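Taking it in order: structure first as structure tokens, then the write-up.
Naming follows writing order (A, B, C and D), and every chain is counted from residue 1.
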Amino acid sequence: MADEIEKKVYRGRIKVPYKHTAGAYVEKFITEIGKNNKIYGVKCPKCNKVNVPPKMICIECFEKMEEWVEIGNQGIVKGFTVITHSTPVMPLEPPFAYGIIRLDGADTDFVHIIKESDPEKLKIGMKVKAVFKENPRKRILDIEYFEPI
Amino acid sequence: MTKHDVAVVGIGQTKFRSKRRDVNIPEMIYEAVKMALDDAQLEPKEIDAIIIGNMDHFEGINFSELLCGIEAAPGYLKPVVKVATGGTTGSSLAICGYHNVASGIYDNVLVVGWEKLNEGGATTGIITAFDPVWERPSLAGALGPLALMAGMYSAKYGITAEQAAKVTVKNRSNAANNPFAHLQMPNITIDYVMSSQMIAYPLRLHDCCPQSEGACALIYANEQETKKITDNPAWFHAVETAHYYTFGTDDKMFDLPTATIASKKAYKKAGIKNPIKDLDVAEIYEPTSWSELSWTEGLGFCKPGEGGKLLDEGITQMSGELPVNPSGGVLSTNPIGATALVRVAEAAIQIMGRGEKRQVPDVEKALAMGFGGSLWTEIMILGKNPLR
Amino acid sequence: MTKIGKVAIVGVAQTKYEKDKIDQTYSELVFEVVKKLHNDLGITNDDVGCVITSSNDFNDGRTIANMAIQDAVGSVRKAESRVSGDGAFAFMYGAMRILSESYDTVMVVSHCKCSEVNQYLVNNTIFDPYYQRHLGLDQISSAGLMANMYMNKYGVTEEQAAKVVVKNRKNALNNPYAHLREEITIKDVLNSKMMAYPLKELDFPPFSDGAVAMLLAKEDVAKKMTETPVWFKGYGNCTDAYYLGNRNMTDLIGLELAAKEAYRMAGINKPNKNLDVCEVSENFSVHELMIYEALGLCDKGEGGKFIESGETEMNGSIPVNPSGGVLSSNPTMANGLIRVAEIALQLQGKADKRQISNAKTGLAYGMNGICSQGNCVLIFGGE
Amino acid sequence: MSKNRKLKKDFFEIKWKTDLPYRYSIGKLAVKFFEELKANKKIMGSKCPKCEKVHFPPRAVCADCMVEMTIEDMVELPPKGTLEGFTVINYPFTDPSTGGIRPFPYGYALFKLDGADTYTMHFVNETDVNKMKIGQRVEAVFNEELIGDLTADIPYFRIIKEEN
């Protein structure tokens, strides 16, 4: 049967090594995480919201944000899920959890991994703490995951 | 009568470069969007809808309009739609923006084309545009087919490499007067072009367009809104598209049949009898030097095979009867997703008389062209006053 | 009614939706549905003014994916343009080309073959490389986040969510085009494999191959071509925040605003009174409950009770997804245009066994991106 | 790039290696094409039943007539044709199918198979442009062992010096 299928198809791929310019905001955020285990946000001059992770534009005011604010490494879980399906792009073997996290001092939420695979042990409102990667590789996973405290 | 007249009322472009190492994708696009908003003196919330596009596999971001429309343009809680058609992405965006306003659904629309080519690579991305079984294995991006076209075109009409090199000389010296252009060569010579490395016979390095990073943003408005925004807009007179076979090689590729099909339809609508006489400037999409010679024939600026003569007679020079590519054209600047939109922007700049050193005197009617896909062409004609 | 002009759908065509149309290239799939539309309407390619297509380069594995279907849609030496997004957005662009009086007729086509690439990988590329993609997120995990937050906030139960799947899968029995046509029970849903807590395998749609096409025409041409033209009445389009952390994950704000705009244009002030039938793009069971609330069919947080009330069943006051919806057939990029096609069939009285009796006004909802970030709401009327 | 700018050694970039495997359906006519190529070293096109235009490569739609072509409409084409255009690809680029640089320079030509009404692009085993001229005759060169893959079975076309 398999070679019956192979006759009807062409096995192709799109394989491209992308190199994305990070820009000032992504660079500072990820460098601070990697070098000093610090998490930064950026504040909108008009609505004073602290955006984490930081970016150039406050989407509600369409204003450029320039004021950097240091944020705590801990935060509250606003939402979570535990996934059991695995795909080639997942950073670790399922089951593990994703969380929407409001870090102390931030006004926007922040999606990351929570090191917990039992949904019963996860509750909206619980506190979690960032765990920083030993050898950072210039990417969001330099925060390796968040763990319940 | 629901149909509305549509005008370009705001223009923004980034300074196009080979690599923008200082900004990421949304930050780069924001530069052009902010410039267009300031140009039209509009508040972000006065934009009713955003039409934005690029070529997906160049940067590898799926549904890129959902990132860029919100983080680089005032799209939060607004309509954001992506149109993407390869090399003609910029002109397809321009035409989509036109219909969004002409239909009466929206009053003000922001149209954005962008590309950050060197995050993935142009040739790599373009190869993925072709048939995986029959074309991709041997295809070398756009330059392969364009080289075949240049070779066949020059063989059929006896066009010399020098004549083609004159196009690069014309356009890259024009680009010296365009602050946004990527390659600006005020004292470029034919010899400089002819001595560059042969990369795909008969195309030498400087017969080919560069890979650029940058964005272009235009703001459109209907008649009522235009009155409030500017007394110096550029009005759309015609927008036409002509596509071709799925396999570009289904037809002998020494010329561009769709340029003739699309331009004829556009001329009819815009009341253009003789393009050389009735048009005052043309911004065309020439990926190689040979292309401009062939496309000017397809566009009816001259008879088949006489593109070289047209250039030699100086008609398409800045001082000629119909200057072609005062902006420097695609041979000077090629951020693929924005390239065809820059043609519309530059045509509008000429109509508005804001071309500064690259301004052609008293422009009433301008043509902009998009090229891409399997030999597709899109034509936009703009005028100083609404078409009557 | 606002000042917009008149444009009608005169005919629609769909392919059967299936798991794996391995014998057809996607341009052959498009040709099948285009030929069907031509034959059903008794027209030729010359009767088509221009073509608007909808496809996705990542899903088709091809940049400029519409280049592959030029021969199939008949746009050689003709105008064609491609919305890189859901089919409903392409419908509106087609309608605009008629309202701008540029063409008398426009054909809108959308296709998708989910069988040709791993859909999780394709969905992962929607996330930006700066902050989200390396986390491995995709449509399943983001659905889990949204469902959990919504159910937690409004006390919606997994049984209520499962009712959506049971309803849509039952409706699909009457839809010859549907991919999944076996009835299932609430227990089947609750016992299916957990995917993204609290959503299980049957809470998610299948992956399907299929294509849909329709012809739009201006008023006088439409009246000549069919006795049952379906008139475009309203349109709203709204895009929510991109980063999941910037979003209200418990209420579909983007859809709410899009629906308000469409209702304003169509002169609708009480949706579940003025609308006779809805076709929505529910990407997971809980999603349809959130859609009820965003469309104003019931109050905030009442989605669970609303499905239990039976109002959205075939015999309810406001039937939702008589076609079986996305949970029964999911050729992703074409979902929005399929919704429009199904509403057209309802208003033309051509929906056979899934016909809602004397349906006069219908709503179609097409979605783009992750968790309803892009929202296109369209209202149609029978006269 | 102006020399005096301090070139930062490594720019801060976020890397992402896309690797999307695709299982492209090729359609019944292509399946037949590769069967005939592998079994009988035959090259097949497809002929429109209405306008009789012979398409190469074979496909299911005649765009001019909007008519379907099936396996019954496939016709054999000689492995010979005429060179219509040529070039030599002489620049590096990443091949998206492999993620690596495709070896260059390589000859690349447009030719028309005898009996076909459409043109085709493929490799040609010549990298000296002076040796190629429009109008020359070309023929397909088949690999000994045929496996039903276009570039494996027909690695390139050859310019025929003299035609018997």
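Miscellaneous remarks
In this text, contacts are C-beta pairs under 8 Å (C-beta built on N, C-alpha and C of every residue); 3 or more make two chains touch, one makes a residue touch a chain.
From a predicted model like this one, the values you see are computed outputs, not experimental measurements.
When every chain is reduced to the mean of its CA atoms, the largest separation from subunit D belongs to A.
Here the largest set of C-beta contact pairs joins the chains B-C.
Computed from the mean C-alpha positions, the centre of subunit A lies at a distance of 30 Å from the centre of subunit C.
With centres defined as mean CA coordinates, subunit D is found 29 Å away from subunit B. Per-chain Cα centroids separate subunit C from subunit D by 38 Å. Taken residue by residue, subunit C touches two or more other chains at 22-23, 27, 58, 61, 70-72, 76, 118, 121-122, 125, 129-130, 133-134, 241-242, whereas all remaining positions touch fewer.
Within subunit A, residues 8-10, 12, 14, 16, 18-23, 26, 59, 88, 139 each touch two or more of the remaining chains. Within subunit D, contacts with two or more other chains are made by residues 11, 14, 16, 18, 20-26, 30, 59, 63, 94, 96-97. Contacts between chains leave no pair untouched here, as each chain touches all the others. Residues of subunit D touching subunit C in their complex: 14, 16, 18, 20-28, 30, 59-64, 66, 68. Residues 7-22, 26-27, 30-31, 88, 138-139 of subunit A touch subunit D in their complex.
Per the touch definition, subunit B reaches subunit D in the complex via residues 18, 21, 57, 60, 121, 123-125, 127-128, 132-141, 143-145, 147-149, 151-152, 155, 197-203, 245-247, 249-254. Listed in rising order, the residues of subunit C touching subunit D in the complex are 21-28, 31, 34-35, 38, 44-45, 58, 61, 70-72, 74, 76, 113, 115-118, 121-122, 125, 129-130, 133-134.
By the touch criterion stated above, subunit D contacts subunit A in their complex at residues 11-26, 31, 34-35, 94, 96-99, 148.
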